[in-house]
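Shared between the two complexes below is subunit A, which pairs with subunit B and subunit C, respectively.
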Partner chain A sequence: MLTIALRAFLKTVRQPFQLFPLIFFPAILLAINASGLTAATELRGFPTHSYLTFAIAVAYVQGALFALVNAGTNLAEDIESGFFTRLALTPLSRAALLGGLLIGIAAVGVLQSLVYLLIGAVAGAHLHGGLPGAFLLLGLGAFASAGFGAGGIAAALLLRSGEAVQGLFPLFFVLLILSSANLPRNLLHGWFHTVATYNPFSYLIEGFRAVYLSGFPAGPLLGAVAVIAGTWLLFGSAAVALLWRSLRPG
Partner chain B sequence: MSTPPDPAIRVEGLVREFPGGLRAVDGIDLAVSKGEIYGFLGPNGAGKSTTVAILTTLLPPTAGRAVVVGHDVTAEGAQVRRKIGASLQQSALDPYLTAWEHIRLQGALHGLPRPHTQRRGEELLHRLGLSEAASRKVRTYSGGMQRRLDLALALLHEPQVLFLDEPTTGLDVQSRTGLWEEIKALAQRGVTVFLTTQYLEEADLLADRVGIIDRGRIVAEGPPSRLKAEIGRPALEAIPADPASAAGLAKLLERFGEPLSLGTTDGVSIRLQGGTGELAEIVRAIDAAGIAVADLRIHAPTLDDVFLAKTGRRLEGGGEG
Partner chain C sequence: MSAPAGLWTVTRAVARRNLGSYLRRPELLLPSLLFPLVFFASFAGGLSALGHLPAFHYAPGYTTFQYGFILCQTALFSGLFTAFSLAYDLETGFARRLFLASANRTGIPLGYAAVAVARAILAIAVVTAVALAVGMRVEGTPGQLVLLCVLGLLLVLIGYGWAAGIALRFRTVQAGPAMQTPVFLAVFLAPAYVPLQLLRGWIHSVANFNPVTYYLEATRGLLSGHPEELLAALLLAAALAAAFWGWTQFNLKAAEAAG
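== the complex of A and B ==
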């Protein structure tokens, strides 16, 4: 299983064109938002005076979303190149194959989260949760990446094309925009507030954000954990079902 | 078909039907002895790769039974996969890994101890001429090098049966010849080789026995020499210097054998009734008739002739079948 995980990790980090958007695109968006939306902190009810501290949580979630595309594209490439068949021709069990892929994705998730932690620290985002909070963010980043990565695996097994998997990203990105990514929900109004309230991305972002803003508040953290658990349940079971269908029993 | 005792591969009534009703494999029976090179010959789409996919546990059969190295491919897939190696049509390699990383990955997936993987990897890379390139990423490899690495990976865990699905397709002559030597050497070491190919020369040169498959059914099976001997008589092709005299030439040659189509447009062909012994008499008859001949060729029977005799179609240049 660890062999598969290591190979999945290496496949990602050895492709600069894949690694760059995975790690730095969320950081670039963060820099743009933090420099352009600082005035939002003047609004009554905004939870902090630093927009960077408020917005950095979105980078973690974007990173997890990229894990979906990255994992799906990598597996679709393996299917198209026949490498997946090589794995299927070994005595490796399907559970070990899926586990290995998810561990590899989680490892990339840890790397991404570490980069965002460092960027936040260097740029001056205040991490209220301190060192334990940093470890919690790494853990949430890893599990969120693996959860969304399972979605990428399921998509690759279903669509069997890297381009088709990449086509899913805009759908999720729209959901990310229609959440509390740029403003807290208490400052959203009308249909946007309704959509953001029902949007699971809001709760995922608010969990990461809470570690920066206030440490370890149970409510937002439980909300984020519930969303991550939901991705594992939904995408994980889809990946299991499709993998079991794709690979022969025995 | 006589079944060898304790065959490495035994297939009985194998059927694979795809959605839409296409029967890619339509009731195949075959048995391959240990240490034998079995050539599975047929045009594209004949059912070769589907058969290999079933025998390597990648695809379940719709009906019938296949046993590889004593294990049923449907019920005991993991045991089958431990004992077989496969190099399929597409070199299944990761362009971002080196040859050594592939070898370590393959060794770990087969549960080989690291020192064993290292030793075996060194041996295979050396034997297949990849030692110097072993630390380079595979994306820098030529097609021939990728094929050889694919074969090395298939052999790493010392399989008892090796499936090679069109292993030389797309290779240059030198790479193809090198791979043939390696396949022969493997069989000499006792490895059973199940080789699919659409190259007649390859099957003729390598295989102890060939099975010719067409439209999902085996239409002929046996040693290449015996199959060709069954077809028996050679063919003669005469190309008239003046195409206008082709009809007269054809009428004249009918005395020496039945007309035959060799797939060429400018010649007249017959299957010789009395073998090459009549050649001198044929030349005298053509000369006496005053027909100028630009070329006269004798074609010894080939596996393509066997295919033609069994199916009424040519295997070579047959396109998608």
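== the complex of A and C ==
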């Protein structure tokens, strides 16, 4: 299982085409939005004077979304190249295979969260949760990445094509931007407020954001944990079912 | 067959083939129509509170302000994504067959440019209809709206010219990030969400020198009936469109030389 985990981790971090969107794309978007939307902090009801502190949470969630794409693309490549079929012929159990893949994805999640933590610290984002908050962000980043990564695994097993898996990203990206990513929900109006309220991404972002803005408030953190648990339940069960079907003898 | 006649024949043939392919393939058509709508919904809807900032003075309102941005973005990206089709055709070898069959090879990139314009018109028509339906106010005169169309056309050619040059140089869709990233950065390092005077810090300095800032200010000015930076925007856009057409021609020769 650890060998599978190490392979899954290295397969992502060794490829610049996967590492760039994972680390630099969220960082570039953060830099642009944090500067372009600074004026939003002048709105009555905005929770902080630093837009960077407010917006950095989005980078963690974007990273988790890229975990979905990368995990799915890597597994689809293995399926297309025949590596997955050869793996199925070994005595490796399905649980160990899935567990190994998820551990590898979670390790990438820790790495990318660490990078966002450092970027935030260097750029001047205030982490209210301090050192324990930093560890919590790493944990949330790891579990969120693994949860979405399970979605990538399920997609790869279902679609069996890296290109098709990559096509899922815009779908999730739309959900990300139709959330409280750019402004808090109390400053959203009309239909957008309704959509953001029913959008699970709002709660995931608000959980990460709460650690920066106020430390360990139970409500937002429970919301984020519930969304992560939902991804594990939904995507994890889909991945298990599809893996069992794919590796069925005969 | 005279050279100009050959040019237009090739242009028409390439344009007809690629436009047909674009309209028949939902995986090409739908994203190009949906993405401007999603961005418009996200920015005009999700950031509408920014219209209540004390220093925000744009009479038609935040929806029109964001429509101006989406218009420029859609024009640039329609050009850009059409160049992806060119890169794909170069990678698969289809364009090589076109090179062999064409009486005038300049007609090949010109045909794709015509498709870029058609794609932009379609995408902008859809987003405009939605924007008007949700209450966008347009206060520009018909003459000003014609100038807006001219500016939009030049932006399509800028996005296309830049990316087509890259496509012809590298002849693979793997060059996608090199086509996309500079345009993406130029678009967002401009006053995308708030007016220039509300930008703070380094982005304000960058936006001051960014040509897209001129296009956005001119577009928003034309929509509000009070054009700003119009002449500068039109001249700059025409100059860049011409320069990037030169860049495309230069790389067309490289593609021809590579066979």
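In this section, the second predicted complex is superposed on the first by the 248 of 250 C-alpha atoms of A that agree within 3 Å, B and C clash if a C-alpha of one lies under 4 Å from a C-alpha of the other, contacts with A are read in each partner's own complex, and residues count from 1 in each chain.
Note that in this section contacts are C-beta pairs under 8 Å (C-beta built on N, C-alpha and C of every residue); 3 or more make two chains touch, one makes a residue touch a chain.
Everything quoted here is computed from the prediction, not taken from an experiment.
Is A:Q15 touching anything from subunit B or subunit C once the two structures are fitted on A? First, second, both or neither.
In the superposed model, A:Q15 contacts subunit B only, not subunit C.
Could you say whether A:S81 touches subunit B, subunit C, both of them, or neither, answering first, second, both or neither?
After superposing on A, A:S81 lies in contact with subunit B but is clear of subunit C.
Applying the touch criterion given at the start, work out whether A:I32 contacts subunit B, subunit C, both or neither, answering first, second, both or neither.
second
Applying the document's definition of touch, where does A:T197 land relative to subunit B and subunit C: first, second, both, or neither?
Touch partners of A:T197: none, neither subunit B nor subunit C.
Once the shared chain is lined up, is A:P91 touching subunit B (first), subunit C (second), both, or neither of them?
The first partner, subunit B, only.
Touch check for A:S237: first (subunit B), second (subunit C), both, or neither?
After superposition on chain A, A:S237 lies in contact with neither partner.
Quick check on the superposed pair: does A:R7 touch subunit B, subunit C, both, or neither? Answer first, second, both or neither.
Touch status of A:R7: first partner only.
Quick check on my understanding: which residues of subunit A belong to both its subunit B contact set and its subunit C contact set?
Correct list for subunit A: none, the interfaces share no residue.
So in the complex, the part of subunit C that touches subunit A is made up of which residues?
Those residues of subunit C that touch subunit A are 27, 31, 35, 38-39, 41-42, 45-50, 52-55, 177, 185, 188-189, 191-194, 198-203.
What residues on subunit A touch subunit C, complex-wise?
My answer: residues 20, 28, 32, 35-40, 42-43, 167, 170, 174, 177-178, 181-183, 187-192, 196.
In the complex formed with subunit B, which residues of subunit A make contact?
It is residues 3-4, 7, 10-11, 14-15, 78, 81-93, 248-250 of subunit A that touch subunit B.
Can you tell me which positions in subunit B touch subunit A when the two form their complex?
The contact residues of subunit B facing subunit A are 56-60, 74-82, 84, 86, 88, 90-97, 101, 104-106, 108-111, 153.
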